[in-house]
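Labels for the chains are A, B, C, D, E and F, by order of writing; each one numbers its residues from 1.
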Amino acid sequence: MTLIDLANPTKFLSLTGRVLPWLAGATAILLLVGLYQAAIAPDDYQQGATVKIMFIHVPNAWLSMFVWGVMSIAALGTLVWRHPLADVAAKAAAPIGAAFTFLALVTGSLWGRPMWGTYWEWDARLTSVLVLFLMYLGLMALWRAVDDPSRAARAAAVLTLVGAINLPIIKFSVDWWNTLHQPASVMRMGGPSLDKAFLIPLLVMAIGFSLLFVTLHLAAMRNEILRRRVRSLQMMQASQQAA
Amino acid sequence: MRLSGRQISCVRGGRAVFSGLDFETASGEVLAVVGPNGSGKTSLLRLVAGLLVPAGGSIGLEGGETELTLPEQSHYLGHRDALKPALSVAENLSFWRDFLGGETGDVGPCLTAVGLGHATYLPAAYLSAGQRRRLSIARLLVVRRPVWLLDEPTSALDAAGQELCVGVMRDHLASGGIIVAATHAPLGIEARELRMGGGK
Amino acid sequence: MTAITALIRRDIKIALRVGGGALIGVLFFLTVTVLMPFAIGPDLALLTRLGPAILWLGALLASLLTLDRLFTADHEDGSLDLIVMGQTPLELACAAKALAHWLAAGVPLIVATPMLGLLLNLDGEATSAVALTLLVGTPALTFTGMIGAALAVTLHRGGLLLAVLVLPLSIPVLIFGVSASQAAITGPLAFGTPFSILCALSLVSLVVGPFAAAASLRHGLD
Amino acid sequence: MSLGPYASYIVTSYSLVAAIVLILIVWIAIDYRLQKERLREFEAGGVTRRSGRQATDV
Amino acid sequence: MTAITALIRRDIKIALRVGGGALIGVLFFLTVTVLMPFAIGPDLALLTRLGPAILWLGALLASLLTLDRLFTADHEDGSLDLIVMGQTPLELACAAKALAHWLAAGVPLIVATPMLGLLLNLDGEATSAVALTLLVGTPALTFTGMIGAALAVTLHRGGLLLAVLVLPLSIPVLIFGVSASQAAITGPLAFGTPFSILCALSLVSLVVGPFAAAASLRHGLD
Amino acid sequence: MRLSGRQISCVRGGRAVFSGLDFETASGEVLAVVGPNGSGKTSLLRLVAGLLVPAGGSIGLEGGETELTLPEQSHYLGHRDALKPALSVAENLSFWRDFLGGETGDVGPCLTAVGLGHATYLPAAYLSAGQRRRLSIARLLVVRRPVWLLDEPTSALDAAGQELCVGVMRDHLASGGIIVAATHAPLGIEARELRMGGGK
C-alpha cells in the first residue's frame, strides 16, 4: 500500500472503511486510560489541582499546530505533486484544527485565570495562537466562499504554506520573549523536565488526542470525497438534462 | 413615432467629434450609423441614450409616451454588456427585467430563444464572448422599449447568432419600434444609412 | 418599487458571493479588533478605554474598504449606463445601492459587536451602548461614503483619493459615535446629547448622500 | 479526588473539550449520512458515475 | 532588466495619475492621524504614547486600501495575460509590481512622517525612530499584502475576504514596528531586538511574497 | 516551424469544453479556428498561449527557439486589450514593447502604420472601440514573435482597418510566422480551417 495506491479515492474509501472502526476503538481506549490517569495524578505543589487542565490544554495546543503542519504537507501535495487527495485532506483538516485551536485557547484562558489572575493577556504565545485560530477561520471562509473546489484548493494551499511561518513563531515565542506562558518542558532540547507523575498521563492523553484527530480526519476526508462525488453527479445530471 | 436629431454636435475629452449632425428615423425603420473607426458612431448612440450631453443641437422623440424621457424609452446595447460574473445567467436577466420594469415571469423561454437555455444556471463568468452578447440581446426582449440603440450588435456572434439578431430586430420593427444601430458589417436588414465622416 | 427591491437584492447577493458572505464581515471586524492591541500594546485598562473607538474604527474601515467600488464596478461593466437610463429616479437607485451595502457590510458588524466587546473587556452595558451607536451611525458612514464612491466614477480615480474625500465627511460621525458610547460607559456627560446628534447626522446623510451621489453621477457621464 | 478552590475552572474546561469533540463527531457522522443519502437519490434517479458504477458503490 | 524597469515605471506612473499623486497618500495619512485624536479623545499624553501605533496603523491602512487591486486591475484589462506569457519570470514581475507600489504609496508616507510626528506631539528623536521603522517595515506590508492581491485574482473575490486573509499575516510586522518605535521612545527595552526582527520579517517577505503571489497567479489562471 | 496539438482536452469551471482535439499548422500558414459560440475557440487559443492548463493532451512548437517556451514565443490578442486608460497611446505601446522585449526606438512609425498617428499623445481612455483594436495590433508589430494567437482580430474594425489587419497578417506569414486565429467572419486570407463542434 503506497501513497500512489491511496491516490485512488475508491481505494482510499475501501481502506479507510476497514481501518476506521479499529482507530475509533483505540482512540476511545487511550482517552479513557488517559482520563483515569489524569484523575489519579497528584496535585502540583504550586498549581494545586488546576494542573489537571494541563492534560487537555497541552494536547490540544500541540494538535492545533500539528494539524496546520498536516495541512501544509497537503498543500505541497496540491501544488507540487498534484496528488488528487491532497486538497481533500487539507479541506477536511481545517475545521478540526480550528476546533483544537479553539480548545487550546479556551482551556488556556481557563487555566490562566487561577494562575495569572487574568483570562487573557496580549503576549506573544497567546496572540500567535489567536492568529493561528484566525487563519483557520480565514481558510474555512475561503473554502466556503469559492464553489469551484480545485480553484479554492490552490488558493488555500498557497495561503496554508505562507501561514506555516506562524508555527515556529508559536513554538519559540516563549523562548524569544519573556512572557507569562511557561517555556517548553516536554518537547525541548535535553529531554523533558516534567515529573513522571504528570508526564505519563500527559503523553497518554496526547497520543489519545492525536488518534482522535486521525480518526476524525479520515472520516471527514471520506465525507469530502463523497461530497465531490455528489457534486460531479449533479453537474452530470445538469448537462444530461440540458442535452 | 419619429426620432430625430437637429444640428447635434459632440465634444469628448475637449475634442470635437462631430458637429451639425442631422438625422431622422421613424417607426419600423432602421437607421444604420456607419463610418470609419473613431468617427463618432458610439458617441452618437450615447447622446441619444442620454449618456452624453450634446454640446449643441437637440434630439427628440415624437409620438412616444409623453411622461417619459427618450432615454427612459430606449434600450442601449453597448460594448460593455452589464453582466455580473457572480450572478447566474438567469439572475442577471431577471434582475434587468425587474429593474427596467418588465413583466415578472419566467425568463426561461427568453433564454431559450437566444440559445442560452442550457446555460440558465451557469454563472455569467462562464460565458464565452458570443454567449454574453446573446444574453445582452435577451435583455432587449424581456422589457419592451420602443427605441433600440445598438452598438455593433452582431459582433462576436456566430452565423446562427447573427440570424437570431436580425430576426429579433425584424420583430421589433414589425411591432412599430425604432432601431439605431452602429455597425461596420452589413446588418442583413434594409436600413437607412447615416454616414459619419472623419475619424480614423 | 420592484426596481428598487431588485437592485437591493442583486447588490446584496453579489456582496455576499464576492465578499464571501456575511460571516466575512464579522471575521474582518474580529481581525481588526485583534489587530489593535498589537498596535497599542497589551494594556487592558487602556484597551477598555479605547474599546468604543476601536469598534468604531473597525466599522469605518469595513465601509471604506468596500465602498470605493460601489459605483465603479457598475460603471466598468456598463450596468451604470442602464441604471442611469432606467425609469427609476437615479437618487432612489443610489439610495438603494447604499442600503444594500449597509445591509451586507454594516449589519453583520453590529451583530458581531457583543462578541468583540468581550475581547475588549467591555461590560454588557457598554457593549450594548456601542452596538446601539453603531446601528444608528453606520448608515451615515455608508451614505456619506457613497458620495465619494460616485466621485470615483466621475473622476476616474479611486483608492486613496476617495478615502481622502470621504474621511473628512465621516469625522463628525466618528466623533459623536465614540463620544456617545463613551458617555454611556463612563459618564459624566449625558448619552442623550451626542446620540441625538448622531441620529441627526444619519438622517441628514440619508437625504444628502443620494442626491449628491446622483448629481455627481449625472454630471460625470461619458 | 478533590479539585481545590478552582474546581469550576477544571470542570468547565474538561466539559467544554468533551462538548466540542462531541460536536465534531456528530457533525461528521451527520455529514456522512447526508452525502450517502444524496448519492442514493442519484442512484434511484438512474444517474451513474462515469466509470459506470453505482453512485453509492465504494 | 528593461522589462522589469518598464513594469516598475508603468505602475508608478499609473499610481501617480490614477491615485492622484503621492500627495494623496500623504493626505490620507494625515487624515487618519487627525482622525485618531477624535476617536481616542483629546488626551495629549495618551496621544504621544499612542503616536507610533497611530502612524503604523495609518501605514497599514494605506497599503490595505490600495493593494487589493494590484493584480485585479491588470487581470480585468488583460494585461496580466501578457505579463504571465512574457519572458520575464513571473516572480520577478510580481516583485517589480510590489516594489512600484511601495515606491508610489509607501515612500511618500515615510517622507511625511516627520510632519505628522509634530501633530502627535512626538519629539524629533521619536519621529525619526518611527520613520526608520516605517522605512524598514512597510516593504513587508506591501510584500505580504501582495499575496492577498494575487489570491483576489485566483478566487475572483475581493473586499473583506481578502483583508481577512491578509491581515493576520501583517500582524507580526505591526507588532515589531510599533514595539521598536516604542522602545526607541520610552525604553526600557532595547530598540535593537524588535528592529532586527522587523528587518528579518521584511527580508522574509521580500522572498516569500513574490513566490507565493506568482504561484497563486499561475495556478489561478483561466 | 510547426505548431501542433495532440488529443487536447479542455475543462473549464468543471465542465468539459472539448476533448481529443488535434491540430497542426506550420510556418507561413494560418489556422482559422471556426465554430459556433461557446464551442471553445477562445479556450483553444488560451491553451496554446499557456493561459489555461490542458486537462489532457499536449501542445508543442517544433523548430522554435529551444530555450523559450511556446507562450514566450507567442503573441496573444484577446478580447481584452491590455491598455491602461491613464497612459497615453504611445506610453501604452512603448511599455509593452519594453516589457515584451522589443527593440527600443520610436513607436511613432508603428502607430502611423495602424492609423493612430494622430492619437499618439491621447490617453488610451479616449480611444473608440476600433481605435483600441488598432493599438492592440500595433503591439504585434513592435515585438517580433513567431506565433500569433488572434481572437477575432477584425472585430470592431472598419473596412480600412480590416484591410490593414489582413496586410499585417500577410507580412507576418511571409516572414515565416504562424497564425492561429479564431473568427466568425471570413478572414480575407487563405487559411486552413479547424472546425470546433458543439457549443451554443
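The definition used in the following text is that contacts are C-beta pairs under 8 Å (C-beta built on N, C-alpha and C of every residue); 3 or more make two chains touch, one makes a residue touch a chain.
Heads up on the chains, UniProt names are A = Heme exporter protein C; B, F = Heme ABC exporter ATP-binding protein CcmA; C, E = Heme exporter protein B; D = Heme exporter protein D.
Fair warning: this is a prediction, and the values are worked out from it, not measured in the lab.
Asks: Chain E and chain C are one sequence twice: same or different residues at the contact, by the over-half rule?
Replies: Mostly the same residues.
Asks: Counting only C-alpha atoms to place each centre, which chain is farthest from chain F?
Replies: Centroid comparison gives D as the farthest chain from chain F.
Asks: Between A-D and A-E, flag the pair that has more C-beta pairs in contact.
Replies: A-D
Asks: Compute the distance, rounded to whole Å, between the mean C-alpha positions of chain C and chain D.
Replies: Each chain's C-alpha centroid was found; their separation is 39 Å.
Asks: Compute the distance, rounded to whole Å, between the mean C-alpha positions of chain E and chain F.
Replies: Each chain reduced to its C-alpha mean, chain E and chain F end up 37 Å apart.
Asks: Among the residues of chain E, which ones contact at least 2 other chains?
Replies: If we look for residues of chain E contacting two or more partner chains, we find 18, 76, 156-157, 161, 164, 167-168, 171, 175.
Asks: Residues of chain B that touch two or more other chains: which are they?
Replies: Correct list: 12-13, 79, 86, 118, 125.
Asks: Can you list the chain A residues touching chain F in their complex?
Replies: Within the complex, chain A touches chain F at residues 148, 150, 232, 235, 239.
Asks: Under the stated contact criterion, what part of chain A meets chain D in this complex?
Replies: 10, 13-14, 17, 39-40, 43, 48-50, 52-53, 56-57, 60, 95-96, 99, 102-103, 106-107, 110-111, 113-114, 212, 216, 219-220, 222-223, 226-227, 229-230, 232-233, 236-237, 240
Asks: Once bound in the complex, which stretches of chain F touch chain E?
Replies: My answer: residues 12-13, 49-53, 68, 71-72, 74, 76, 78-84, 86-87, 91, 95-96, 98-101, 104.
Asks: Show me the residue ranges of chain B that touch chain F in the complex, using the header's touch definition.
Replies: Residues of chain B touching chain F: 12-13, 15, 35-38, 42, 79, 115-116, 118-119, 122-123, 125-131, 133-134, 152, 155-161, 184-185, 199-200.
Asks: Where on chain C is chain A touching in the complex?
Replies: So the residues of chain C touching chain A come out as 17, 20-21, 23-24, 27, 30-31, 34, 37-38, 41-42, 44, 119.
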